[in-house]
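Below, each structure is written out as structure tokens.
Both complexes below contain chain A, partnered by chain B and then by chain C.
Up next is the complex of A and B:
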């Protein structure tokens, strides 16, 4: 892990509200190698009971391999996976109290919706009445009762997803795995299904680990997110922690967009620091102390929505620079201004379009000032 | 889209192709209803050669032998072919995997004469070494036919298995079915159409084979192609025409029925999928 320079840390909201068992699922220094290639590099995560946890990363970062280790399709080269006190590491997939919803849903094409959901229960040799009752319960949970006798190809994508979810919940697993849950849906259906999926999972009360490459999806659905890159965890936190307190350049750039100012710590005081940036005329003033030293190479990360834009010079003594509007991207709800600073660096600035046709009259090639508050950015050391 | 008009030129190509393919069969069918003893001279319509065919014990016996061999060949070839296909598509890379795949499919390109000869030598030398009499007959023909047709069946089934979504099998395992159960409850039902077409192909190939059977058959096991071939050497009897007509009609009926049902299932599937999307 990289050392994070943080101010007064935000109170972890989820932790204080959640009194359920910590470390319900322990992923303990799990490592997976394929012919010398390290796909998962000594990853350790503790997951609380009942939480929805997302593994987020670009493709090839090892998140899917880690998920397959949890399901039992891959055997870790080393490390342990412990769920509710039971060591799963050596168990085959069919003996784990873990069920997975596949990206392609993997509904059995030769079985009806009902038979698909009953499949797992039948493997446990449950009595017939219990299977029937449980299947009905599951169909009601995902609101698919009408479609019980249909075959998978007679369902739309969203319906197939619900059946797949019902099937993976039918056995009452201790851990539910979701592999790119929205990967096979079109964009419009996604945002609707994301919240619906969360409400079903919460109703079932199951602990859930999901894998996704879509940060919006992770932030909408998950209580906590782990950002993975080349087999390692870069940061774990709630969506707002990860967005507001990134611990490295990688996470800052991976989640959302960000303005990164490279520089060196100039003055290192107890309650403020200044950072000298070649891209800016004056040093950046940060109104809290950081764990660093004078002359240390750092990056200052500033989200575009934290940047103010004005025609007049702001009154504040520091954290401002002059530039020219080079590009305007209009998104309806907000616009993004691309501002070229006097020393050449480009700064992004979000501007919320609160009034119709207002935009304060900014247009291409206008000379403007950008500024930000001295608590708004994050100082990154890696 | 600009479709070029079908000209007389392309039509004549089509006609020529069809003529090339089907004129011999058509003349055969026509002459099977010829009353004349001489195959090539038409006198008048008659079905007497069909009657004669059904009284020809030898011919009927050979047909029965062929059908039995073809049935058991197809069954064994499907079992062995499925096993070979599973090895080729499901096992992770192992030493000699490519060699195995190449060797399984080698009988496809091997001249049948070579396969037949080597099998004959094998049976003879096995009898000498073991002292057990591998009498040449239906069993040896069956072994020979399985050797040949298994290669075809393996190719058909492994191509189906290769395109089968692996996550289906993983999902079944995830839901508590062990590997053996997954194979029988998920994999086999899904690849069933490939098994059926593999079975039919093996059946046809076995029914049709002359070369292998000639090498490894014994005195009591004459197959239909062997019978036809030997009687044709004596001079073609119109009975053979009758037999061929029956075969052609049977095969095309089965083909047409199969095609019709597949079309219907496919259309219904398309309709249902469209309906599901609309809802």
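Up next is the complex of A and C:
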């Protein structure tokens, strides 16, 4: 790597967002097989410069293998990885302008915080003064200056994480990889470190790919998310796109909770469709057109917080059903009602407790109406 | 614990003290007391008696008299054979230890990198020879190294040499014997250390730009320091006092302190000088033993936190 350390911008990149290069990192039909088992199945992703991109999926979906391909620990069976115009596919990890923050940090136990951060710089044979300056800069960035002479085992989990991040940023990599960044932290520290990590990464202005199985973490930290399943990408989008506009039953069910109504398209008009659904007495009315045909099997996905609950029958002509409250989960800020519809299907409804004691309005075995707006659900064709 | 049961139990030693006292009692009985006896004898004078030395502590007119003679130690300093034997023993121990390290480290490293299922088998192969008597195994080397032994016959038959090479009763044979016999003591502590290494540290080093050999020098080697020290001590300390191998494989000129000790004790029947030789050897060995224990203590310290 020839790029000088000093050239790494520490100023926020967000200001120059419009100048970001599209396809800064190109993952081009990358495939990885282990003894006939396909871990990564022809995945292609374009990642923009300066963005934080999350690979999200359950364990065994191939996200970690893909990350290891980016780092160079695994060699793709086929496909190419191109970073800023440079083909990395055949390069060993020690020749890639890529650095990784490992899941359990992998700090060198026999070295101090300082020495850990300086490791990569010494590998590049940088002049001594430059190394000292850069290490100080990194310590300041992660606010660990006081702990420079400590050994890793003398630090808390959160502090170790900062050191690991500083070490992976020290060389000014073109690409930063985070492997389950919050995996080793307890729950309370997580939410705090998530935002802190993002602000440090944005300050350093580095393009970042992270791997996580925790959707909350992905949605908090990443600008875009790729949902992976069985080695394939199911959907790529911003957190709100993925939540509000899932493209398949899999992503709808994987992210958050969802009510899925199976049915067939009944009327297929230009500006509305109706879906005949065996679980509901009347067809679902959707106030936009879909690419489909009459009689096509679809699923209607409706997030629980989009479901209204009431004692009286709603005034709207459609998108309502009667049921009985079977279970209540009280979370303080909101309650989740499990409502058994007359035809047997169970619907989840999130009810925000906007007024104090509002949750007392509904109780077990109450007969209620559920309803939803005609733009609040998503018609899934796969 | 209720007040009733706690009342009288308080006067009994705690169970852990009972556990610790057993090995300590063992060491006291079979190490400290013999040591004190040998120490006592080293201050006596050889005599034609039973046992063959003068009393150190005796009674005169009802009063105990302690008579310590330093002449045995002065004698050791006076005759250069003892100093040479000590130096030559240390030299042989150092060279043999380095040879063991050079052979044992790659072995231990390779075994620690094997799949977990085959590691134990590989270790078994390292330990297996010691299921045979040490004496027999060293004796077998005579058959391999002697002028009409396996190696010479093999080379003669191939026509690579015209006359047998003299290998037996040379320093070369002594090194072969020592390295052969003590290699497991190097491999086992090194393996125990290396197998615990986290492979992700090597990935981290590679990720930060270290080539495989640099990762080895900067990560694996420093982290295996405790194993290297343990292995070296386990080899070097007993080798200094080694008697059987130089006696059987070495020539008459192979000078080692264990042999000198044997000769003083059995051939000259000078127990006081033999005891003084042993005490001096112990004094020399204490330095590396202390280093060993400090290194071990440091490693333990690092683990606890």
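Note that in this section the second predicted complex is superposed on the first by the 362 of 382 C-alpha atoms of A that agree within 3 Å, B and C clash if a C-alpha of one lies under 4 Å from a C-alpha of the other, contacts with A are read in each partner's own complex, and residues count from 1 in each chain.
Keep this in mind: contacts are C-beta pairs under 8 Å (C-beta built on N, C-alpha and C of every residue); 3 or more make two chains touch, one makes a residue touch a chain.
Everything numeric here is computed off the predicted structure, so don't read it as measured data.
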Partners on chain A (chain B, chain C) - clash or fit: clash
First (chain B), second (chain C), both or neither touched by A:119: both
First (chain B), second (chain C), both or neither touched by A:189: neither
Touching partner for A:153 - first (chain B), second (chain C), both, neither: both
Which of chain B and chain C A:109 touches, first, second, both or neither: both
On chain A, positions contacted by chain B and by chain C: 71-73, 92-95, 98-100, 102, 104, 106, 108-110, 119-120, 123-124, 153-154, 167-168, 171
Chain C to chain A touching residues, read off their complex: 198, 200-201, 203-211, 214, 218-219, 222-223, 302, 305
Of all residues in chain A, those that touch chain C in their complex: 1, 71-73, 92-95, 98-100, 102, 104, 106-110, 119-120, 123-124, 153-154, 167-168, 171
In the complex, chain B residues that touch chain A: 165, 167-168, 170-178, 181, 186, 189-190, 269, 272-273, 275-277, 279
Chain A residues within the chain B interface of the complex: 71-73, 92-95, 98-100, 102-104, 106, 108-110, 119-120, 123-124, 151, 153-156, 159, 167-168, 171
